[in-house]
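As structure tokens, the structure follows; a few thoughts come after it.
Here the chain labels run A, B, C, D, E and F in written order, and each chain numbers its own residues starting at 1.
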Amino acid sequence: MSDLDPPITAVREVVRRALDEDLGVLGDITSIATVAEEAPGRGSFVARADGVLAGTLAAGEVYAQLDRRVTVEWLRRDGEEVMENTAFGTVTGPLRALLAGERTALNFLGHCSGVATLTRRYVRSAHGKVRVRDTRKTLPGLRALQKAAVRAGGGLNHRESLSDAVLIKDNHLTQLGLGPAVERARLRWPGRPIEVECDTFEQVAEAKRVGVDLVLLDNMTPEQVAEAVALLDGEALVEISGGLEMMVMGDYSQAGVDFISVGALTHSARQLDVALDLEPGA
Amino acid sequence: MSDLDPPITAVREVVRRALDEDLGVLGDITSIATVAEEAPGRGSFVARADGVLAGTLAAGEVYAQLDRRVTVEWLRRDGEEVMENTAFGTVTGPLRALLAGERTALNFLGHCSGVATLTRRYVRSAHGKVRVRDTRKTLPGLRALQKAAVRAGGGLNHRESLSDAVLIKDNHLTQLGLGPAVERARLRWPGRPIEVECDTFEQVAEAKRVGVDLVLLDNMTPEQVAEAVALLDGEALVEISGGLEMMVMGDYSQAGVDFISVGALTHSARQLDVALDLEPGA
Amino acid sequence: MSDLDPPITAVREVVRRALDEDLGVLGDITSIATVAEEAPGRGSFVARADGVLAGTLAAGEVYAQLDRRVTVEWLRRDGEEVMENTAFGTVTGPLRALLAGERTALNFLGHCSGVATLTRRYVRSAHGKVRVRDTRKTLPGLRALQKAAVRAGGGLNHRESLSDAVLIKDNHLTQLGLGPAVERARLRWPGRPIEVECDTFEQVAEAKRVGVDLVLLDNMTPEQVAEAVALLDGEALVEISGGLEMMVMGDYSQAGVDFISVGALTHSARQLDVALDLEPGA
Amino acid sequence: MSDLDPPITAVREVVRRALDEDLGVLGDITSIATVAEEAPGRGSFVARADGVLAGTLAAGEVYAQLDRRVTVEWLRRDGEEVMENTAFGTVTGPLRALLAGERTALNFLGHCSGVATLTRRYVRSAHGKVRVRDTRKTLPGLRALQKAAVRAGGGLNHRESLSDAVLIKDNHLTQLGLGPAVERARLRWPGRPIEVECDTFEQVAEAKRVGVDLVLLDNMTPEQVAEAVALLDGEALVEISGGLEMMVMGDYSQAGVDFISVGALTHSARQLDVALDLEPGA
Amino acid sequence: MSDLDPPITAVREVVRRALDEDLGVLGDITSIATVAEEAPGRGSFVARADGVLAGTLAAGEVYAQLDRRVTVEWLRRDGEEVMENTAFGTVTGPLRALLAGERTALNFLGHCSGVATLTRRYVRSAHGKVRVRDTRKTLPGLRALQKAAVRAGGGLNHRESLSDAVLIKDNHLTQLGLGPAVERARLRWPGRPIEVECDTFEQVAEAKRVGVDLVLLDNMTPEQVAEAVALLDGEALVEISGGLEMMVMGDYSQAGVDFISVGALTHSARQLDVALDLEPGA
Amino acid sequence: MSDLDPPITAVREVVRRALDEDLGVLGDITSIATVAEEAPGRGSFVARADGVLAGTLAAGEVYAQLDRRVTVEWLRRDGEEVMENTAFGTVTGPLRALLAGERTALNFLGHCSGVATLTRRYVRSAHGKVRVRDTRKTLPGLRALQKAAVRAGGGLNHRESLSDAVLIKDNHLTQLGLGPAVERARLRWPGRPIEVECDTFEQVAEAKRVGVDLVLLDNMTPEQVAEAVALLDGEALVEISGGLEMMVMGDYSQAGVDFISVGALTHSARQLDVALDLEPGA
């Protein structure tokens, strides 16, 4: 149970669904036709590009569910860097099983490592001046795996669901002003962090006045952000969000915010290109 | 039941899981604290960038599962283009329900439309000279939705699983030569298409000799591809694959191949930026 | 909620699985390619042989899950006879949906009606002298539907599972004699019926002595059965079982037994041939 | 992973459901009352009639899920013949577990072997002149197991679902003629096999003209079939279908068709009678 | 497979759900932050009050699902008494896993042991003069575990569901009198026990006349119960029910009834206070 | 979507399981035998004791899943008080459906209202001086419903799972001291509340020093608690926990703590006695 792993129960379920999807009604009809039932095999998981590894728990679970005779060993762990054309794991067992699980295992590794790699790039762009967080903009059914991959990349996890923290946005303020809304949230859900999205200095001041835990600044220039940070004067954590291009992160990092939350980490990561180089024989 | 929709049973299940993920144990605690229970609301789904719409069946299902009083209407259909800052759908109902389903509905719309939009770009790059197909490199649990989004973008669907067509690659040929492997596959699974991956002209010639249905050319230059196409002389469909950059598609399109299969459509699509503009009141 | 229906929760689940199986990842690709999306259709469920109807709840649920615009009406109810080339139900709605659900709906109707029809034949062969019961020899995942179909055919339901009644067979008597085994079962599970399988008169006498509720006679001729019935003298219900051919049922019916349990009802019923005659237009 | 096995993920799920059905809320109350908790047992799976074995993966999984201390060994494999009163497998472990799983394991073995045995009979009747295929007329929830059993009997698998091949029947031709329908299907789903059902020579000629992959002849006499085969002249595979009695298969086999698809393999197979002969002691 | 265990398939499912509930999307974030990944640990399950143990199968399954490296050993078995501040089991393995499963395992042990303990108290109050049974008043999703816990406490299990026995109450008699209702139930479901709720002597006499298996007396004083028992004269088992306080059980026990069914066993049991005393190190 | 409701997706799933449990394989065999299929009925949900209502969403869902012709109306809402022998809801529809769902609906109402009622009693005992919270000591599979019921009773919800807040207890401090543990937790999970369990004043001082959000005082007398509160001087919220009897709550309420968390709310609530008074006719 690494701190970079998703909960095993979530992994088991998503792997089961992924195998169902890929095995269909008949199973791997190509391998059945072309590979002898008892032929042994071995393979290496190889990165085809530099990146950050994630998803090994799921990839291992693919083979655990498929055939208990398969053994998987990892040369790198989630969160470690892998290099182009370098092996980061091995798998040994019946060749048919290795083939049947290949695509599913790679889909997990490629996607999770893609998320981790993108996260790492954002983290690096931040130069330690600000911490990078994910959002709830995750792909349906993959939240636990994606949030673990963000951790593997060095990012932090924001809310896991609508249920674990209060985050008041414009849409919540159609009936109440910001102050009363915060009051009611604190009254109903005391002990939980309260975050408020602000796009004016008035809102920032109001948020400070009512004592929120985090302020999420939206649609502000780096200069405005710096001013808001100064206004808050350390009385709340500050987060910025939105469709940030990586190149402008530096500007915002200088502004003194605590977090940058980046939806792209989970909704727009390209996969890391990974492959399974198989060879017959034990 | 549009031909661009995924099967409704698959949609229902993935929406159920997505809502479970996002509602958690307590539900939308922010809306509960800040919005009156019976307050009505309405909203517009708006594109924040140009793209191709997909995922409306799933987004509608989000609200159907959440609260039957919510009504969703689409101004555009899957496969149609949406333009930046233009509404493509509306949603009406209790404001709390609109808020509780907002992120989940947008996650479906953003991801599916992202896949459709990327597909459309590949299709356009092909200038009608070659058809674009997806692969089995889909995100776990999302295959049916992603393959429907590829169709919405104008692409074609390759195999749905390991179970519906034979595709012989290097890894299958460790014990049998290409010819015997094809023979065995045809004997066991007659009536199903047989595709063979070739990276030499010898393999192409052999594939032609044994009468496969499709040849998948790997690691060849556009010139080599053209030569392979000539060699096959129309006796098999020809597909190329791999990490094709869009800019080189033109070269390959000229080479006379039938299909280009692009894993990136499903494993590396950026989301289309979509938002829900909410307003209170009926 | 007819007494011939299986529980709706069980029906909903098995229909969901069946649709998943048949729609696959892409859905009904033939109809998508050949039938206009909005084309209306209507059809009649028609029997291609005489038989007893069952499975209408499941067939209706198929269309309810597939497309809410489809309307199903039944001209016959479960348990009623249907005649060759006669319609027993109609279905109206989008033609694509009618086609997409056709095979799944027919699989339910054909199988359940097959079970009901075979049951009816056994019931008729019994000439009212003995009652026909099913067994736990059901097809995996279909027990609730099969047991409902047996009721539709006029049969009775034996145990639903290992959990609802005691049935002591040879295999349970390796450590205890019949008397002590019955004592222990009665002590642990008082209020539940206790049935004992007997294949000798000594066992029958012992079963009578310890006061079991039912005696299951195994491997006895009709004459021996009659003798056992006389021996029991009404102090227990009597059941016979095993691979009874229908033609010998008459002999056993005369022997005075209460029940004949027939595994074939559920494990070996041929389907009733049913079809959906579709026509385009509303 | 034998080529006669269904996908393990499908097996695991159907076994789980079957055990749920049979264990109920309390479990095996008869064994609990009559058999000591730690009593060891062993048993032999025995055929009570000649047939072809199938379903061993599922039967083994029953005991794997029930109690890990149980060991199952198979003396015959799926696809091999078993003979009346001959053991084909053994099971060792706690007697209570052997009893609790007995009926569920036998239900899988009996049904799957029944399908395999019936398939083998059709295959034999075909005298190698034509190949026998299954259909989508499978029992709900059991498709993967039934299709594997057909393979065990020597048959071939037709479509796994509506999603993997195009099969155009009368009902699809209410709006388009056969030629345009084939064109549209080929355009939308290129690379997938296209089969067309024909019941007139005109349709056969049209099918030939538009170049379909398979022709399914319906309601023709053996003589008509032979004429259609001649007309097609090898340009499409030919299949016949429908409620074929085995006795007429010979006539059709002579007609030169490639496949006979038989719904009865999966919708009307009688179970193979199998039993578990248990004995106490290790 | 003890006779005090629930079916393993039911346990596996409820444990999976419980772990899902408690691990959430991120897992045990506290242990991740504070405990080294490979730190070993061991712990003792300790009772904080005297009681009767139950739920060990589920608690063991919690750790089996969480981390296979964890070993659980029980010093007491279900149904045995545990004493305040005394260990009844040990658990060894990675400290993080022990912590992650702690609350879930304790929730099962505390609740099941609470049910068993309350049952034992009722059983003791009955002084062997009457047997204590549970009801269908179980907590949703926990019936199999609760009914096993009742057995661990020395109680008996009444109906498992609406499906396994007939129990006619007032609400069923709006259209038929008691006699005809019993006749119809016996006709439709012969071989199943028929129980009738009676609150007048007339009903008791009628129940006796039609030969029911059990009579459930409702709203009668101990004296009335004794009179009803005398009236029945051994021709049916007698049960009393309702909101019985334990203190009055003695009075009813004297009245000669066979069973007292107590809904409180499962709907109102306080948990038994149990804890996991953890210590680091192997 | 009331703020006292659990998420509808969680409700739907637990109701489905509860109905499965209670309908079994055959359904409600008593009603089938004794009540005419089309007989209408109506009933009133009645409290048999004073209490606080909860669980109406689940009870309504029971009938929605069972038979869409059933209409449920609530005279009281969750969180409102119900009085002995007073109706709080009505249900109308086919009598068989009313009977089939009766026990399941009552099990939800009785349990949830029991939790709400017990919570209300604790809340009242606190005299507004301290707020009452639940714990993770919930019954497996029922967390979302129980936490909603706590809200209905006027209580607050503590953590929903291990995943949404940090709570450091003794068991987490075997390798790190309190200060370093808090540092690491804050570093890894910034923005989430950090709570620390303290049982000495030294720990309290240390917790204050490192700036935790909440302090959970364990095993302290009211006087010690007051001293700890004074020591913290408003720099952290203070919670007390443990097996608090209601009678001592007053003492602790005076001590100035913010929260009292009470495991008994969810692990040891007696059900509220509720009944469904049915009558035939529309």
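In the analysis below, contacts are C-beta pairs under 8 Å (C-beta built on N, C-alpha and C of every residue); 3 or more make two chains touch, one makes a residue touch a chain.
Only a predicted model underlies this, so the values are computations on that prediction, with no experimental measurement involved.
Shared contact partners of chain B and chain F comprise A, C, D, E. Touching chain B and chain E together: A, C, D, F. Centroid distances built from C-alpha atoms place D farthest away from chain F.
On a Cα centroid basis, the chain most remote from chain E in this structure is B.
The interface with the greater number of C-beta contacts, when C-E is set against A-C, is C-E. Distance between chain D and chain E, defined via averaged C-alpha coordinates, is recorded as 43 Å. Note on chain placement: the centre of chain A and the centre of chain F lie 32 Å apart, centres being C-alpha means. Per-chain CA centroids place chain C at a distance of 21 Å from chain D.
Among the residues of chain D, those in touch with two or more other chains are 3, 7, 21, 23-28, 32-33, 100, 143-144, 157, 160-161, 163-165, 188-189, 192. The touch graph of these protein chains is complete, with an edge between every pair of chains. Taken in their complex, chain C has these residues touching chain E: 3, 7, 131, 133, 156-158, 160, 163-165, 188-193, 195, 213-214, 237, 258-259.
Every residue of chain C that touches chain D in the complex is listed here, in rising order: 14-15, 17-18, 21-36, 39, 41, 58, 95, 99-100, 102-104, 106-108, 110-111, 114, 136-145, 160-168, 171-176, 181, 184-185, 187-189, 192, 243, 263-264, 267-271, 273, 278-280.
If you check the complex, the residues on chain C that touch chain A are 21, 24-25. Every residue of chain E that touches chain A in the complex is listed here, in rising order: 16, 19-20, 23-28, 32-33, 37, 65-67, 94, 96-97, 100.
Those residues of chain B that touch chain C in the shared complex are 1-3, 5-10, 143-144, 147-148, 157, 160-161, 164.
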